[in-house]
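In order of appearance the chains are A, B, C, D and E, and numbering begins at 1 in each one.
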């Protein structure tokens, strides 16, 4: 693949890392929120659902701006993160944060649906066998929702690979640090004659995304087969 | 009929006022569409129904001209701009922008906010100026590039970055940043805002272009921090 | 230890109650193998069941060959057995079985009941077994609580409750007495001979060794009555007794309770026959039970 | 018109086959009311069933009071009836009922069977009814095809196939003959008197008017045999006959086929009784059937 | 609501119209594609699934640029549409097209999942009653998937309300024609002191989106209750 220059390769590698970290870090809270939305009734249920979906609906630049206000060097959370040695401003970690937040609704939706498909009778059966709530979740609900979780994670990964607006607004475009594939594509589209390079990177994104989607369908089916019908 | 003007986003406010005056005086409506110059140029190349194009840099106008999209002889430089160094800290002292400026020290480990230095005009000019002054290598690793010049301005305004390089017109638009100094005129290619009529536009487009070069329009543009050509 | 007491504000969480629940649908965990299903409760039990205990339960339920399969590949009856084993191995203080066989067809039911019997006889866990089936209750229960429209209508030892003609929560067609009998011999023609209070009974081969005691359910509608000892009948089982009570129903039938040396026997006859034979309380008569009427289902080993 | 013929390349799409299918699970459309479910097939039928036809089916199935409900609010038995009506009203050329009652409990089954009987007698549509239940088959079938392990083992009129001791696809416990009888009288004590070839039979009240002919299934295991006419028994039904055949099984039982004036009767007795009574082909003997053994389920109106 | 100026009102009205038309027009193909993905196995199944998801993954600017190339006045499809009297280039119809394409994956996913939840046995039963494939779909599958369709449509509506990148790239930012709420937010952020107006419009977007999400959950539950369990 020597048709990609070193800077482009760097962007691809960085995007892969950012997307992977975004998905890995958002999976636990994603599963928790999906579980809460699927199984609990509480005041603010609708509000939580709305909040989770917000990044899907807000213009990404607005999301990025809000992230900047909250997680930037001057932001309330950003200061704390900096103090504990996990700075996100203008770092690839920030790009991962932006990607995670933008991909969160897709992940939560997929996981929520698969949790709703798990027979609560199985969870009650596990409780009668002595498993506490947490154990029921870990030994029954979680393994049974694996197809949905995998599908959600891969979809989120693809989305994270493509995130642009919130990322560039929040962490800018720093080669090697926050210059992901979409930022590079945007930059190429800004200059006359940059289309060719942009097309190459679009092809890479599309390839990765397509592979992720096909893999996700396949994995979900394979897991569903393995888990089988009781 | 109305005149449709595609203009660089940085001209939003000035052109809004001029268009209102123009409509009052002539009765001809003006439809303004603002976006990044590159997006607008591509749309015009694809046949967008624009009558007038005002670009924030000459390159995109050159592309359209080579493409035969603009009316021969209608192109002129509407205004000029300058790039400036701005700071978030209102107490910071003004500086002379010379090769001896120690930008690295001024940043104190923070980021220098600019527009994309390879793609967005404000970033390209800023990079050229820093190169010319021999300052680029010292700060290259600390530059945070935003997708447009307004986003760079915002990074400084919110304090995410202590310093930034933006247009003079941007710097005067908000009280949240302090202008530390203007880059020497010879440190970068001239920053021109070419305007032109698009092929297929009517007489109204020409009268709007003419109007832009006359008294109230010129003053309004200057009020918003743009520099008059040759001024 | 109370599980739930609203007045005292006690509501022990389900996972601390240690009640083994056997559901109508087996509710096996589809993502776990049979072995993992069986040992699921083990991880949470206060004292973990030793491997020998697992082996014993597996052997008792005859599921050794299934251990590495997943529930999806089991038949309905196999699922039920695994569910039972799973509940057992969670070290429960009590097993609750709520119509555990209701979803199975007759052949499947017949396959499972013996395992419940072994469980009753071998495991040291009490079982609360809910059922609408007289055959199941008669075979499995030691103590019966009969409910009708949500109220307790009778409770006591199985033979007493099931032999009481006043108690028919399952309707007259479900009525039948339970008697105990000792296996006396297995004959070459495929019949087993049992002794019930000195009365010989012949049944199709019973799966119990000579000398052991089994329980038989004799459905009331399978019993004929005669005032004289009948001769030349194909029925081999003739039990002499004295009429304890005659209960006339709303329809044409009557439930006759007979005290016999073998124990209480119920017979469902027509009121016309009661009149024709001159049956009355205290009268002596003979109960005739066809050998083949006592189904294997109705004999508890 | 062939529906499927691989050689000829014929495979009529399901919706053109006009086969009314009654599924084991009712498969009612949950989003439609009972009325809409019933009239669903009407929209696609070549000649649309008139309103009178709908009214007739609704009346026949007794579902008039359910018309505006949704399936979610119906009991299992009601669902089955609606499913049956829905299939009927799609103007089928044949109704396929694949174990339509298997998922219902006994009470529900008893509730539905009469509707199938009415359907058989009143509707002009042939029904192919698949079942494992001897009672269902005996009550409903006019022609029986018995399958065992995927092969046809017998076919012919119901009485012949069910009365054939060689044919026991449901096992000896499922065997039983079917005889026809005319209702002679309804007595005050709740019994009905029937005449079967000159033999009087007493049954709990039969839901058929005097003079009509009904079919009775007499389960082989409910029949006792006697060489002499028995006296003083509570059983009211004694049918004289001549032994046609004796079929010894692998176990202790034997199936005795008796030709009687009422028709073929099967009796399941032990081989020991066959020996003790000296039963042999051609011998005269008496079949004894308890009045209450013939359940309402076993009488077809 | 006199805290919104006339230009802002115009943007809100336009966005509502664009989103409504986008959803209405994409619903039939969305249902068709969801049905095909849920129920048919065909070569190119994975490819179709990938294509449908592309707009979720590509940077919106790229999607907008591709739309411009295909549907612009010079584009192959754009020319045809222009000829049949349905021009989309730089028209609100084009904004609706961009919004529809960006929202399509969300809609299809939701509908597909609810189609997969319909018992195929009910469809077979309808066929035995004489209903052809199309009728089975219209009388059984479609009504039973209504909750998922509603949820998908409303989610798509919310997404369409928030679409920016593809819209501004494809049809520009023309007041009264293509200047939707997100474009207006962008424009306000370009002018000094425009933040207040931008915040007002963000609040409107968030309000509409939240209302749509809550309504979608509520409707889906209500429909599920009505359809009940058979």
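Please note the rule applied: a contact is a pair of C-beta atoms (placed from the backbone, for glycine too) under 8 Å apart; a residue touches a chain by one contact, two chains touch by 3 or more.
Just so you know, these numbers come straight off a predicted model, no measurement behind them.
Path length between chain B and chain E in the chain contact graph, taken as the least number of steps between touching chains: 1.
Comparing the CA-atom centres of all chains against that of chain E, the greatest distance is found for C.
Centres computed as Cα averages put chain A at a distance of 36 Å from chain B.
The centroid of the Cα atoms in chain B and the matching centroid in chain D are 92 Å apart. In this assembly, the C-alpha centroid of chain A lies 57 Å from the C-alpha centroid of chain C. Chain A and chain D have Cα centroids lying 62 Å from one another.
Multi-chain contact residues of chain A, defined as those touching 2 or more other chains: 186, 189.
For chain B, the set of residues touching two or more other chains reads 42, 154. Among all residues of chain D, none touch two or more other chains.
Under the touch rule stated earlier, the contacting chain pairs are A-B, A-C, A-E, B-E, C-D, D-E. Interface residues of chain B, counted against chain E in their complex, comprise 4, 6, 9-10, 12-13, 16, 31-35, 39-40, 42-43, 46-49, 150, 154, 173-174.
Listed in rising order, the residues of chain E touching chain D in the complex are 119, 121-122, 124-133, 135-136, 139-140, 143-144, 146, 226-230. Chain D meets chain C in the complex at residues 102, 105, 132, 173, 187, 189-191, 202, 204-205, 221-222, 224-228, 230-236, 251-253, 267-274, 277, 279, 288, 290-293, 295. Taken together, the chain A residues at the contact with chain B in this complex read 65, 68-69, 72-74, 89-90, 168-169, 171-174, 179, 183, 186-192, 194. Across the interface of their complex, chain E is touched by residues 46-47, 49-50, 53-54, 56-62, 106, 109, 113, 155, 158-159, 161-165, 182, 185-186, 189, 198, 202, 205-206, 209-210, 213-214, 217 of chain A.
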